[in-house]
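Multiple structures follow.
Two complexes follow with chain A in common, the first pairing it with chain B and the second with chain C.
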Partner chain A sequence: MKAFLLLLLLFIIAQPAALVLSYAFNNLSVYSDWGTTIQSALPELLATTAQVGIFAICFSLILGGLPAWLTHRFSFPGRQVFSFLVLAPLAVPAVALLGLYQEATNSEVFSSPSGLGLAFGIACAPYVFLLLRVALARTSPTFREAAKTLGLGPLQRFLFLHVPLLAIPLLASSALVDSEMLSDFATSERAGVNTFSLALHNLWMGTQRNDIAVFLASSVIIALIVTFAFVIFLFQKFTPQNSATGHPRHQRMRCRPFQATLVLIACIAAVTPGFLFPIFHTIKWATQKAGTSPLKNLANDTFSSVTTSAIVLLLTLAISLVLVFLLHAQKQANHLRAVTAVSLFNYAMPALVLVLAFFISTNEQTTLARVFPSLNNTRIPLITATALRFLPFILLPLVDTLSRIPSSLAMAGRVLGCSEKSAFARVLLPSLKPAIVVGSSLIFVECMKEITIAQALRPFEYSALSLRIFNYTTTHQAPETAVWVLVLQLVIFYPILRLQEFIEKE
Partner chain B sequence: MKIISLSFFSFSLATMGIATISNAEPTKGSNEPRELKIISDRTEAHLTPIFAAFEKKNNVKIKSVFMDNGLINRLETRPTEADVVITKDAELLEIARQKKLLQSYDTKTINTILSADFRDPSNMYFVDAFRARVIFYSTDRVKESDLSTYENLASPQWKGKFCVRSGFHDYNLSLFGQFFSFYGPQKTKEIIKGLHSNLAKNPTGNDREQAKAIMEGKCDVALANNYYYPIMQSIPEQQSWAKAVKVFYPNQKEKGTFVMRSAAGLTTSKTNITLANAFLEYLVSTEAQSLMVNATFQYPANKQAPNAPTFKTNFIPLKDIAAPREEVTKFLTEIAFDKKQ
Partner chain C sequence: MLEARSICFSEGKTNILNNISLKNEPKKCLAILGPSGSGKTTLLRILCGLIAPTSGTVLWENKVLTQGTKILVSPEKRFFGLVFQDSALFPHLNVINNVIFGLPRATPTENKKCAQEWLQKMGIERLANRDISTLSGGEKQRVALARALAPSPRVLFLDEPFSSVDRIVRTELITVLNQVLPAANTATFLVTHDERDAAELADETFQMPQI
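Let's turn to the complex of A and B:
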């Protein structure tokens, strides 16, 4: 039964990538028609994508990394407020952020690779902040003391101590930023910058041929397999050296007034692009549009968004806990890490490709659709695809927490008379609570603003806040989105607050 | 273990239940409205008045889903989920016909109302409205006499002065596809190359953004659908964009201006054919066509409806409009059309 359940879950998680690859394998003839065209376009596409990716990583490291370090290192008035404000851009889809900047500044910069990179950088900065704050909190302060004792200056300490110690979270941040960028064609389309995902979208919709999209998508998946193998190798090689558990707590440096002023200025500068500037314009537009914007769908959109996100959250939570129970409790932590790596494919591949896989798997000719003829008329395909895409957001924190829980803890429970499931429920589960809170908050937030999957797989009469924002933004009516964006931010306020609390506890 | 497994499965079932219930079809009683499902890639607001009028007249509940992209891809994998499909570009329905995703509509009324130009010869779909792909030009910097044809926009005279939205957008794919059918591949490629080399900026934004770019002096001429001009005039924030441009109907001394056609048809669903046919018949009625004209500023396919075009149109036969789409997409990819040279 356990093996069956495990195989079933693994099958569900791996299915999208496997489907796309097998479909591509069965349609290799497309290469004879399109091989030359794709080969001629690919170098420029990859160069533009890499350019946007590099800009996005740089901007996200500045906007997320700098406040992470400042709020970790220094104690100053408003520190916790800034921690919250850095996380605030989580509430806004990148396409809406770009639309807002284009509309508010009327600058050509936001129709260039650097501007697109900035939009992705702003949208992803909260993740970088989250990852780096946690990593910094887990770095033993004794390293810094030792470096000081050895006479290393601030620059040397940064280069030879902090950078190597933070290499893994920096790498993870970069991978996350690039995944977000790769999965999002709408923002690239809005900027008019031809990234790989936009080209995939253009060729798919231009030709209306699934085989061409699958051909391109499979190349992404193969590239991802190679990248993941490399990253897993790096993780295995370096993670044990970086882990520093049981270290003394950091003491934040108390700032003198001048220092505090500088830190505050830096923090304000860091939260301006992602929070202060957008919220100022959003409120201004919402006020201007008050009474003129049709708000009749607002309640319905909010309800749909919240219920879908909540169901996705519960589904991912259930899958994760069952996986943890089946694998970790059986001392198969490596298998759990492997399943997590497989689940990462669904996040890292362009959302359009995931949609394509779901179009293939929910085809009316499949046995599944014949047995459940109403399946496609429900939110189930939408919920399942979204859950698969965001599953790593809860699996990764769980795997991370599990790696730091001594195995003797569960054993002690068993020795004290608990059954296997009781030890899991009463001993292990409470220790996983912070990871569950972080994962759940992130999944809820991401679901609330998800666009590509919702747009393609939604059932009849379904609408959502993010879809309304997308529709207004793509028709260049950014001011019309203001009320929807504000409601989205209100709904997401609580999960972001929980994330901020988690960071402070770490 | 049993408890965990059971709880997981029951939770999954509950999830499916919640999701199903939230979208479940109502139980049909004698007074319950009948239900019609429509899938479309058109702007929701443009079809809503027509849906509302049909619902009121026929005690029908229309359930709809609006896709920005991927209409045919979805129809291909879910061919019977909707009863009616409505699209902003008729060539998508021609592709759907070729993929056997449509069935013949009831020809009695529709073929009487619509001329052959607006009907698929096999009666699988028809055009319900159309608009012209025209030239917006700067009122300050361009004289009307400078303009003549689409080919003229590709001449060096407009180097660095031409704006257009993404070449891969359905409107441009449709226009370039019509070029392919009308001028032949060689001349079309030359025109597209010429347009590409004349770009003043990367092709981005929608048609109205091109008018805005003209107002800002970024370019002098742009390709756009004619109905955006009255739409801009009706929106306070965009009135200055409309004031900065005028509309020119190209190729009037030749075969006429190319048009974009929106179209409708029946999916292969067998469950609701009578009602679906009734809706299609309503769609070409004078009443619905008037609603369409009011909402979209398009030209009606029904000649009895108001707002007939006052310019010469070049109707490329429906059967020829979809074929070049793939070749156009390939050529645009090869020359990287969406990047200014």
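Let's turn to the complex of A and C:
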């Protein structure tokens, strides 16, 4: 029974990529018609996408990494407030951020790869902040002290100690920013920059042919498999073999007034692009629209967004806890890591490829489509696709926390009279609470902002906050966008607050 | 009486335990002595039923608990107590709730009273409502001892209980154990690498053979 359940879950997780690849393999004839066209356009597409990706990574590392280091290292007035403000861009879809900058500045920069990279960088900076803050908190300060006593200066310490120690979170941050960028066609469309996702979207919508879209999508999947293998190699290479024992409490450096002023200025500079500038314009435009917004639409959108996100959250939570119970409780932690890696693949794939897999499975003559003929006019494909995409957001914190829980804890539970299930519920699950809170907050936030999957797989007459923001942004209705963004921010406020609490506890 | 017969355990091609046989009676303390890496903790986990040996038998009052690679009686049904080297206190519970954790499902008041009595015996009743993270190493080990002894186990396993505490705390813990163990109807297994621990607590010693 357990093995069957495990196989079923693995099948569900791996199904989208497998489906697209098998569909492409069965329709190889399309290569003769479209192969040359796609091959000629591909190098330029990839170059533009890579350019945007590099800009996004650089900007997010600056905007997320700098405040992570400052709030970790120094004690200064308002430190916790800044920690929260750095996370604030989590509440705004990248397309709305780009639209806001375009409307507010009227600058051509935001219609170029660098501007698009900046928008993605601002939108993804909170993730970099989150990853680096946690990594910094877990790095023993004794390393720094040892390096100091060995005569290493600040630059040497940064290059030869901090960068290698933080290699994994830096790599993970870059991969995450790239995945977000690769997945989002809406922001590229708003910027008018032809990235891979936008090209896939336009090709699919323009030709209305699944086989052509699948052909292009399968090339991404193959490229991702190669990239994944490389990234796993890098992770294994950089993972410290001798983990430090014990983590003495970090003592934050108390700043003198001059130092505190400099740190404050740096923090304000870091939160300006993601919070201060956008919130100023959002409130300004929203007040222009005050009293005239159709409140009924706003309430309906909020309700449908919250319910969809809550269902996705419950589904991902259930899947991940079943996986953790089946694999970790059976002392198969390596298998759990492997399943997490497979689920990461769904996140790394452009969301449109995931959509394509669901589109094929529910619209083409497949068994699934025959079994559930009315499936594609319900929220089920939307919820399932979103859950599959964001599953790693909860699996990764769970796997990380599990690796830190001593095995003696569950053993103590067993010796004290707990069965396997009872030890899981009474000992392991409470210890996993912080990971569940972090994962759930991230999934809820991401589902509330999700546009690509919702746009393609929503049922008839379905509307949500993010979809409305996308529509208003693409039609340059800044005041309407501002109202919906503010409501989105209000709904996401609490999960972000929980994330900030988690960072402070770490 | 807990008895282990011809216990062998190997991981891959590495033999960790080779033909170990030992037994211990209630109210007696048997010290299992051996250097680090000699398989003491592995043997203890096999006796508890947490892992299965490659071959051999574990019996309680002539009833087979483990036979070869099969664990016939799961650890939660053996009514044994185990004190871990790292205490293994549950971080989501405070001191008293850690002690209550293993008590039979009686009324909450009875459980609380029993836990308080054990905390008193260990001399840490004042810590009842403290978080685990605020305790010192010695306090943690006292809580772990109270937690293991509160359900009145048939067998108590102590896995290097003094390895993470200083000399003064070690002496205090040994004094407490010497007061508490004779009163409990428990067969005690003390796993240690330190012959002084064995001399001060144990009635008999078992030397782990070198592999």
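Observations on the model:
Basically, the second predicted complex is superposed on the first by the 484 of 506 C-alpha atoms of A that agree within 3 Å, B and C clash if a C-alpha of one lies under 4 Å from a C-alpha of the other, contacts with A are read in each partner's own complex, and residues count from 1 in each chain.
One rule holds for everything that comes next: a contact is a pair of C-beta atoms (placed from the backbone, for glycine too) under 8 Å apart; a residue touches a chain by one contact, two chains touch by 3 or more.
Predicted model, so just to flag it, every value in this text is computed and none were measured.
For the composite obtained by overlaying on chain A, chain B and chain C can both be accommodated side by side without a clash. In the superposition on chain A, A:105 makes contact with neither chain B nor chain C. By the touch criterion stated above, A:406 is placed in contact with chain C alone, chain B being left untouched. By the touch criterion defined above, A:22 lies against neither chain B nor chain C after alignment on the C-alpha atoms of chain A. Within the superposed three-chain model, A:204 lies in touch with chain B and out of touch with chain C [touch as defined at top]. Of the two partner chains placed by superposition, only chain C is touched by A:431; chain B is not. Measuring from the middle, so to speak, at the Cα centre of chain A, the directions to chain B and chain C differ by 150 degrees in steps of 10.
In the superposed model, A:40 makes contact with chain B only, not with chain C. Counting the residues of chain A that each partner touches, chain B and chain C differ, and the larger count belongs to B. Look at A:191: by the touch rule set out above, it reaches chain B but stays clear of chain C. Of the two partner chains placed by the overlay, neither chain B nor chain C lies in contact with A:227.
Superposition on chain A places chain B within reach of chain C only down to 15 Å, the least C-alpha distance between them. On the side of chain B, the complex with chain A involves touching residues 1-5, 7-8, 11-12, 15-16, 18-20, 22-25, 37, 43-44, 63-65, 67-70, 72-74, 76-82, 92, 95, 166, 168, 170, 173, 201-206, 208-209, 216, 237, 325-326, 328-330, 332-334, 336, 338-339.
Across the complex, chain A is touched by residues 45, 48, 50, 74-76, 78-82, 84-86, 88, 90-93, 101-102, 104, 147-148, 151 of chain C.
Contact residues on chain A toward chain C in their complex (touch as defined above): 406, 408-409, 411-419, 422-423, 426-427, 430-431, 433. Put simply, chain A touches chain B in their complex at residues 1-2, 5, 34, 37-38, 40-41, 44, 106, 108, 111, 189-194, 199, 201-210, 307, 311, 314-315, 318-319, 322, 325, 355-356, 359-360, 362-364, 374, 376-380, 383, 420-421, 455-456, 458-462, 470-471, 474-476, 479.
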